[in-house]
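These are the structures in question, set out in turn.
First chain A sits with chain B, and in the next complex the same chain sits with chain C.
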Partner chain A sequence: MSNAVSALQGKAYDGLVRVEEAGLRGMITVRGNLSNTKLKSAATSLSAVDFPSTGECNCVEESGLAWMSPDELLLMTPYDKAPAAAQRMSKALEKQHHLVAEVSDARAVFFIRGPQAREVMSKLVPVDLSPGRFQPGQFRRTRMAQVPVAFWMRDETTFELICFRSVAGYVFDLLCNAAKPGSEVGVF
Partner chain B sequence: MLILTCPYCGVEADETELHAGGEAHITRETVGSSDEDFEDYLFQRQNPKGIHFERWRHVYGCGKWFHAARCTNTLEVFGTYSAQTTEPPKDIRDKISGKRPGWSWGIFS
Partner chain C sequence: MSTRLATGGRLLNRDRATNFTFNGKQMRGFEGDTLASALLASDQMLMGRSFKYHRPRGVVASGAEEPNGLVNLGKGGGFEPNARVTTTELFDGLSAESQNHWPSLDFDVGVVNNLAARFMPAGFYYKTFIQPRAAWKHVFEPFIRKAAGLGKAPKDRDADTYEHFYSFADVLVIGGGIAGLQAAKAAGEAGAKVLLVEQTATLGGRAPVDGAEIEGQPADIWIAETTLALEKMENVTLRTRMMGAGVYDHGYALCYERLTDHAPLAEGPRHRLWRVRAKQIITATGAIERPLSFAGNDIPGVMLASAVRDYVVNYAVSPGDRTVIVTNNDDAYRTAIVLKEAGLDVPVIVDARPDGGGELAARAAALGIRIEKGKGIAKVKGGKRVEGVALCAQAGEGAVLEEIACDAVAMSGGWSPVVHLWSHCGGKLIWDETQSHFRPDAEKAPTGHDGQPFVSVVGIANGSMETGACLENADATGKSVAKLVGGKAKRTAAPKASDVDEAPMLAVWKMPQGAGEKLRAKMWLDFQNDVKVSDVMLAAQEGFESVEHTKRYTTLGMATDQGKLSNINGLAILADSLNEHIPQVGTTTFRPPYQPISMGAIAGETRGEIFQPIDKTPIHEWHEANGAFFEPVGHWRRPYCFQMSGETVEDAVAREVKATRDSLGLLDASTLGKLIVKGPDAGKFLDMLYTNMMSTLKVGKCRYGLMCTENGFLTDDGVVARLDEDTWLCHTTTGGADRIHAHMEEWLQTEWWDWKVYVANVTQQFAQIGVVGPNARKVLEKLGGMDVSKEGLGFMEWADGKIGEFDARVFRISFSGELSYEIAVLASQGLAFWNALLEAGEEFGVTPYGTEALHIMRAEKGFIMIGDETDGTVIPQDLGLGWAISKKKEDYLGKRAQQRSHMTDPMRWKLVGLETVDGSVLPDGAYAVGDGKNENGQRNMIGRVTSTYHSPTLNRGIAMGLIELGPDRMGEVLTFPKTDGTEVKAKIVSPIFYDPEGEKQNV
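Up next, the complex of A and B:
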């Protein structure tokens, strides 16, 4: 087995906020009928979190579930647990129309930490991130400058962001630029 | 900036997060159609100044196609609705009638 490394190998930047590549994360795309009980119970038992409702993400440490679309779910696990989890998921769904794909190596994950995290993120995405409009637990797929991303808040000062691995460098540079000291807007 | 609410994920998405899909509720003419009908299906599109029905895709979000009823003149949005329909739902039509009495668009009014 080759030595798996994440896109930016934990690169970090300290500015208005701390931007940090989170390293490897197991990710499994599940498409199918999200109201199906077999799908729900397999997903919740593999991730040990509650099943998310529309536009939500439940994530504890490296395990979680995110609602991607009306027929798509993202299952997150520690990196080395992903192949087995994907197998168990396929097994649970074998009698119904579904798709399970392990996409861990196609993604990069970032943390944006600090009291000004909302402000830094707001510079880059067309989403209202004011307190009360976007809260921990909510999950949003959107556009960051020119590339698709998805993010949610771990807590009031921490965003976690997923993008395609091929654009990890671009997203990191964007975030660092938005977090440059002296570029505060002070909108929140 | 045009802001549409995606009926599938409930997100208020601005134009840059969406992809325009052109006119809505077009009947596909196929084998057995007359040449005139087929030509209309291929080439003839409405270009109204006012009420318009369009298809949009939430391309940076959930990826789903949906329909939107809006005014091309004022950018007022009357509503968005599911893609799984061949005509604007009654509540959308009633809403437009309330705001623009006597409107018509193609075969709908």
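Up next, the complex of A and C:
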């Protein structure tokens, strides 16, 4: 694994907020019946977090679960734990119709940190991010300017965002542009 | 002359002088001035020239409705044409230039049009420039283009930045006058999340200028207190310099925030476009005063009465020593009183009403102002500046009773509510007979998804002409709207205001009533586009009965002010000419934006580096650093070739092809789509999607497949590998990955929703590298790892294993005709693997190649390319791909369509190879011509070129094309005319030019 590098190799920018590429993250797409107990127990034991409700994400450090759609779950692990986790997930679901695919390398992960994180994000995503309307634990798949993204909040001042690896540079540039000093909106 | 008064100016900061230039001349104003007030203070009444006749024009209004005061603002990257002087806040260093004149503002040659004006009536362009036809392009259009047009187009790239902001509110209040403030306060106190936007820099609107008293105090005090209260409320956001630009379906609204127009040196974006979703919208957009139509009402110095008042009270600007007031209502008396109190002279108030005004008129009379009832202005005297007025009886035909010298005329024809934002999304209007204006019809509000109204209107925008009524209505609406969004309104009383008794206004659409043709031809309706009363009457006479047609025929309301002043006056004249009632004629359509907004704000962040997302493979950086000449493929940039120093693109491509055919080439094929299809019904599903059979493919094997649309046309192709019993990996074209993924999902979700199949797009999980050429196996064996021998990994097989230290999935497939492996490794290791191949391949002269070499090599082998050989009208049978269409299957997408008579027509153009007789390269897309001509006199066509290249391998031009009865005409020579008039001959041959037996890929 010594050859493995993330799309932007941890590139960071400090403006109204700190934008930083988070490095490689283990990610596994799980498609199947989300109410199935085997699926649920395998997912929760592999991630050590509670199973998410609709539109939610539970994530502690690098392990977590995100509700992607009525039949899709995203399982997150440390990068090097993903192959084994995928195997265990497949094994748990072998008797039912499912699909488990590793997608760790298809993605890039960003952190957007700082008291103005909600504001910077609001320049790019058509989502109500005001306090009380979007809270840690909620998960949103949407678009950021012209590309698909998904994000949630780690805490009141930190967003974590996933996009496709090929557009990591575009997303980073978008965020830096939105975080340029002098462009404060001052509403949240 | 217009000048600055010694005292006053409620918006001015007299401690801060501000320097600016107009047409290069140094001028001074104060902080708080608009460009309009500062120009007036410097006696610059003449500000521009009109569009059609180049008439001298001065400022007529004081806000967004201004039609005349338009300037070119700034220089270079900060240049902006058509900037409205009344909405341009003055700043130090501002430079403005007037528009639409030559050689100078004071002396304009174009003004000769003036004499010819009677030859340029409504529809002039349509009538005059029809014949002779040929003259339009060479004579008329260049002349008109030169004479017309207001501002200049910017020449430099915009130096400013812009952005968007997504905002969500329970209640969006548009307009920060007293009604908007009170509505926001009421809604905010009820707990609603409120966003209030005001287009100017100051909250409060015109109540303070109009002398309103609220809760027994001057309006200014109430405004300050209310603003403070709103600022303290956590759930209320106040934004000034932000215009409600448009209201759209489902509570969507665009607001346009001007951040640094007034402070261009400040950092940050110039404009910000707010994309607001509001549950409810309240428009508190105020009203606009109407001009009166009398002869010479466009001469600089004739202004709206409210504007004159604004300039005196807000900016301490006197429009002239002597101002004549002309009105049909009581409101203009306020202007007379303000002028008098500022120590200026009002020679006469000309009141068109025979009975004159109410309480305000009495106050004016008490100040000693002469009032002439039942009178009108016969004409204004003067050229570039008002010199006097001639009075007449309003009821008459314009016989002059008396001439009065003056420097300015303040006119008021009544007030029209600003109904634009109400109307954008379908709100209807009613005609108010007493006020002679259209106002919103509360019964017919714009409705949302649930059929319920989502826009309300308050204040004078709703036709409430009195301060008390405005506040009451705003308070009630704020509360009721808040309740709709889940708020709980408090039982508080609306603020009280004292109002004076006003006498009714009188509808006056022409002054005097019986004005003849000569006077009507000098009564301006649309100042910017030079549309006069006579033009609208002519249009009606010529049969333009619809207000929308009249608008386009006369250009009434089509200028940059979109008819804010001319609309109602124009349609009243039209109604009168048609002998109809005004509501029967109706209004033209109100469309967003309310005022022009910048293109930059619309684009937002979408410019420069982030104009468009560019997909980059894990090896992209290496390509950039190694001479890649990129071409766009979908949103990817793929290397077309890698240029070495001194090499042309053609040289590089030829070198890459030769090196690959002779020894070893590398291709970054990471962009190819990779879709995993899994489930008990996956085989059945793929059999429906592909024309050939995928369910019978053995685990470990690959098969080339074709996909058609339900109309039978070829849409994508690629190699399918079976990974295990119920899992397939489908490769798509680069541009097809997302499209085919969506295609699969659509069929699974809408048609075959009960089939047990899951699809995952794993395109970006892998970097995929083509290792191609006679030495491909050697380099892999040198790296070590899995068995890639002929026996260990046969042609069209795949296997998982290790290449060197890399986990890899190796597909033995060939798109070049050479011994070839496509190797997928994890994307994060893609670059490392590429570098490992380069290092190991050095002894074989390893050569990275681009898409053009890829294309040439596949063409030499006669392989088709989606998008070259196909264009959405081509079926596999056209391309000799019948072998890839299963005869055994009962059905697949496109099967039935391919049985239609047109699809089975033997005369369909079919794929063949083409070889020029002289060895040259056929032009791409060239047509082969047959005998005779078609009904249009064009030569009959019998085919066309789909791919054409110079083959470095064969050192001659090769091509593929679709030719009528092509495969039956082998050896025939066809003629291809070129665009330069010459022709080129080419022989029909097999499309496989290179290694027809396939020996090289199968070693």
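Everything that follows uses one rule, which is that the second predicted complex is superposed on the first by the 186 of 188 C-alpha atoms of A that agree within 3 Å, B and C clash if a C-alpha of one lies under 4 Å from a C-alpha of the other, contacts with A are read in each partner's own complex, and residues count from 1 in each chain.
In this section, a residue touches a chain if its C-beta (ideal position, glycine included) is under 8 Å from a C-beta of that chain, and two chains touch if they have at least 3 such contacts.
Everything numeric here is computed off the predicted structure, so don't read it as measured data.
> Check whether A:Pro126 is in contact with chain B, with chain C, with both or with neither, and answer first, second, both or neither.
both
> If we overlay the two complexes on their shared chain A, which of chain B and chain C does A:Glu102 touch? Say first, second, both or neither.
Touch status of A:Glu102: second partner only.
> For the three-chain arrangement built by superposition, which of chain B and chain C touches the greater number of chain A residues?
The partner that reaches more residues of chain A in the superposed model: C.
> Which holds for A:Thr54: it touches chain B only (first), chain C only (second), both, or neither?
In the superposed model, A:Thr54 contacts chain B only, not chain C.
> Contacts for A:Ser69 in the overlay, against chain B (first) and chain C (second): which applies, first, second, both or neither?
In the superposed model, A:Ser69 contacts chain B only, not chain C.
> Based on the superposed arrangement, let me know which partner A:Leu174 touches: chain B (first), chain C (second), both, or neither?
second
> Tell me which partner A:Glu184 touches in the superposition: chain B (first), chain C (second), both or neither.
Second partner only, chain C.
> Considering each complex separately, which residues of chain A are in contact with chain B in the first and with chain C in the second?
Dual-contact residues (chain A): 126, 128.
> Okay, in this complex, where on chain B does chain A touch?
Those in contact with chain A are residues 8-14, 16-17, 60-64.
> Within their complex, state which residues of chain A touch chain B.
Listed in rising order, the residues of chain A that touch chain B are 54-55, 68-70, 72, 126, 128, 140-143, 148.
> Quick check: in the complex, which residue numbers of chain C touch chain A?
It is residues 161, 163-168, 193, 237, 266-269, 272, 275, 277, 605-606, 609-610, 612-618, 636, 676, 678-680, 756, 758-760, 762-766, 805-806, 826-829, 831-833 of chain C that touch chain A.
> Spell out the part of chain A that touches chain C in their complex, as residue ranges.
It is residues 3-7, 24, 29, 31-32, 71, 97-99, 101-107, 122-130, 133, 145-147, 164-170, 173-174, 177-178, 180-185, 187 of chain A that touch chain C.
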